[in-house]
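Sharing a structure, written as structure tokens. Questions coming.
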Amino acid sequence: MANWETEISSSGDNSKVRGIDLETVMDMPFSDAIFLILKGEKPTERESEIFNTILSSCIDHGIGNPSTVASRTVQSGGNSMNTSVAAGIMALGDKHGGAIEECMDLLQSETSAEKIVEKKLEAGEKIPGLGHKVYEKEDPRSMKMLETAEKLNLKGKYTEKMLKIHRIFGEEKTRLVLNVDGAIAGIMSDLSFEPELGKGFFIIARTPGLVAHVREEMEQPDFRRVNGDYIGD
Amino acid sequence: MANWETEISSSGDNSKVRGIDLETVMDMPFSDAIFLILKGEKPTERESEIFNTILSSCIDHGIGNPSTVASRTVQSGGNSMNTSVAAGIMALGDKHGGAIEECMDLLQSETSAEKIVEKKLEAGEKIPGLGHKVYEKEDPRSMKMLETAEKLNLKGKYTEKMLKIHRIFGEEKTRLVLNVDGAIAGIMSDLSFEPELGKGFFIIARTPGLVAHVREEMEQPDFRRVNGDYIGD
Amino acid sequence: MANWETEISSSGDNSKVRGIDLETVMDMPFSDAIFLILKGEKPTERESEIFNTILSSCIDHGIGNPSTVASRTVQSGGNSMNTSVAAGIMALGDKHGGAIEECMDLLQSETSAEKIVEKKLEAGEKIPGLGHKVYEKEDPRSMKMLETAEKLNLKGKYTEKMLKIHRIFGEEKTRLVLNVDGAIAGIMSDLSFEPELGKGFFIIARTPGLVAHVREEMEQPDFRRVNGDYIGD
Amino acid sequence: MANWETEISSSGDNSKVRGIDLETVMDMPFSDAIFLILKGEKPTERESEIFNTILSSCIDHGIGNPSTVASRTVQSGGNSMNTSVAAGIMALGDKHGGAIEECMDLLQSETSAEKIVEKKLEAGEKIPGLGHKVYEKEDPRSMKMLETAEKLNLKGKYTEKMLKIHRIFGEEKTRLVLNVDGAIAGIMSDLSFEPELGKGFFIIARTPGLVAHVREEMEQPDFRRVNGDYIGD
């Protein structure tokens, strides 16, 4: 049986987070503390700014998506804040919030931008990071992130690769917007985050939105139902 | 059937969070964005500072507590980041992370500090916000928070009530430290947060720690087990 | 730290469930095995029959309720069978499936049927076990259960108390059907089950329905959303 | 947006499960009702017997495994029956209870028994369905299942394929027991169940055990912790 060991934090008389005293962490901006706990080191000033922008950009996105529906439905069944928020996080699977991780995987692979587009076109598959239901010309959030990254001189090879995929796909198939998942995946990769943290990052950013939705749902008198049909025999 | 309506955020062409354009939110410190989404208004500069301190103080607390154990055990069974983090949040029930909410309830009730101590002593119940397993003289985290609140001129009637409960209990029964739950409950109450958000607040602050633990657990080859005994017939 | 000890089962070379060899349990009807593991003893033949009837009666109940919505929504986000079924079970809170437990509590309390009705009428509260959205004259499921209990000579003091509450409430206020929660609560109490198992019992019975719904949802191409409105500023 | 439609069940005045009146379902053995809801048809008498045996065999397996640990840990944090049971089900991921599904996939694939063993040996991977930590000569549970299948004349091509894999692997590498996952996978495949239901089936069977563990945990005064070490800086 494996020991329960961690490099993340300690509790008790001398609490630390990644080797830094908890009292020092208390003085750090929360988004820096998040960077620290995920990566094991503090962000530079420039990293801090872009990382914060990304977190704030994902804080909530309306009432209709699966995670919000799951959280509010579970709350409405008569459940606690923690159980209801957890249900929303559970909804954040491969198809909902999963594009960041998938896109980071692609960008950090050995495969070139040209080859990625070629393969995806052949397979008839979507490219994560491209396309949006509402935005046709451009996604203002990814534009803003990329400008910030540019301004901070943080646009590295992964963001460039994402932009290249975007350009080639536009030339060879059809122009789609570079969406917020694509921008985040590029920048997070340039910040040396692993794909395995792509989903975790989104979970952290969205949890405040879920807490707010669960609190709002507590004021509803009835539980959530849908009108459905039985189409069996 | 109730409509799905929200005052929290909108998605699509003109995304907003509590009436503020998402692009503006992207420029806010993440902890300010959290304050905004929970409370419906931006924090002042002083509120921003103390709120950030509280969030950062709860980011993680070692490997041994129920939420970390639940997250890592579920991950070790072969599960996704989102499912594993959710399991940790589920563990944050009434007895684990619940003291903030309970304490906010008490502070915001009509009952005076004297009466609260009297009742709790009569009932032989613990007072949330007092006592700590490790710290005997003082809890450095709550000291730091209270100093920050003092410095920012944010120590209001609820924090004073908490301090009074602490003092009276020490005189009438035995001296216990004012722990971090008590300090947070007082300050959050003075920031006009409702008790219903006490647990949600802790969930937001702790989620980054759970993400880090789940990521670390992914490197373990085997699943988590305990040595247990059958004591039946 | 408490030891991990259990009276429920053992694994390994000599696996047992409540003192009975697992190989013997394998020959028992599944509903008898459920009775055994919950209660620590095998049911009599008559207990076995009514217990099975109750379990089968709760196996599923359409697509529109919160647990089904939660399970299918979480699956649609791109999640595993286990995560999706868990989300449905999480939805089974105090307001959804919770009436059995609440009703068992009431029946097993010292308070008489007369007093229960009186108190509930005074408080303007619903009585768990009475009333149904669809059925106005009678709930065929509870009728069938009560007939079976009668036939098996298992209608004891708790079921009688439930029937008395039903009769008094009809005389003093308005006639409501005795619903399936009320019938189950009465019979389960007569079988000497504690209220604490009321919800667990319902969870066991409904899980097969949730598994079927999650499997069906896997065939849907898109994720579940709702049409919602932003009513903020 | 997809309509909410189902072939599984309806609620209300004329409740049905897979086309059969709920009142008729109430007279069916619970394991037959489970078969019905998963498969859309009632089992024959022989199918009913083996299906019941499989369900009862998985009802619980000691206190030390991840699902039990997760359920009990979450309960100990001060949580409800439904939340705690859900946490245990969440732990049932690819590595814990996942072998049935993986094995059904393998058996129902076009690849022959010989080819499966060859490929797995080449890749240095385990074969699901073979091997057990405790049992060295044979797993009494799988023996019993296979005997029952034989007796009922239900041992079909998939069970035979599993036995063949077992035999070939023993000849070419080393003798391992045919474990309970392998026996279940073979028999379930012969009953024409799809691999996608392998995990769901196990969830249904294990839920009663989790309910019993959560109930037992409620009697514990403290929450569950582990002794862990901080090995960071």
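Letters A, B, C and D name the chains as they come in the text, with residue numbers starting at 1 for each one.
The rule is simple: contacts are C-beta pairs under 8 Å (C-beta built on N, C-alpha and C of every residue); 3 or more make two chains touch, one makes a residue touch a chain.
Computed from a prediction, not measured in an experiment: that's the story for all the values here.
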Chains touching both chain B and chain C: A, D
Chain whose Cα centroid lies at the greatest distance from that of chain A: C
Inter-copy rotation, chain A to chain C, in degrees (Cα atoms; steps of 5): 180
Chain B and chain D: spacing of chain centres that average the CA atoms, whole Å: 38
Whole-Å gap separating chain C and chain D, where each centre is the average of the chain's CA atoms: 23
Distance from the mean Cα position of chain D to that of chain A, given in whole angstrom: 33
Residue list for chain A, restricted to those that touch at least two other chains: 4-10, 62-65, 69, 79-80, 82-83, 86-87, 90-93, 97, 224-230
Chain C-touching residues of chain D, taken from the complex the two chains share: 1-2, 4-13, 15, 17, 22-23, 25-31, 33-34, 37-38, 52-53, 55-57, 59-65, 69, 72, 80-83, 85-87, 89-93, 97, 134-135, 140-141, 144-145, 196-197, 199-201, 203-205, 207-209, 211-216, 218, 220-222, 224-225, 227
In the complex, chain D residues that touch chain B: 62-67, 69-70, 73-74, 76-80, 83, 86-87, 90-98, 223-230
Sites on chain A touched by chain D in the complex: 3-10, 16, 18-19, 79-80, 82-83, 90, 226-233
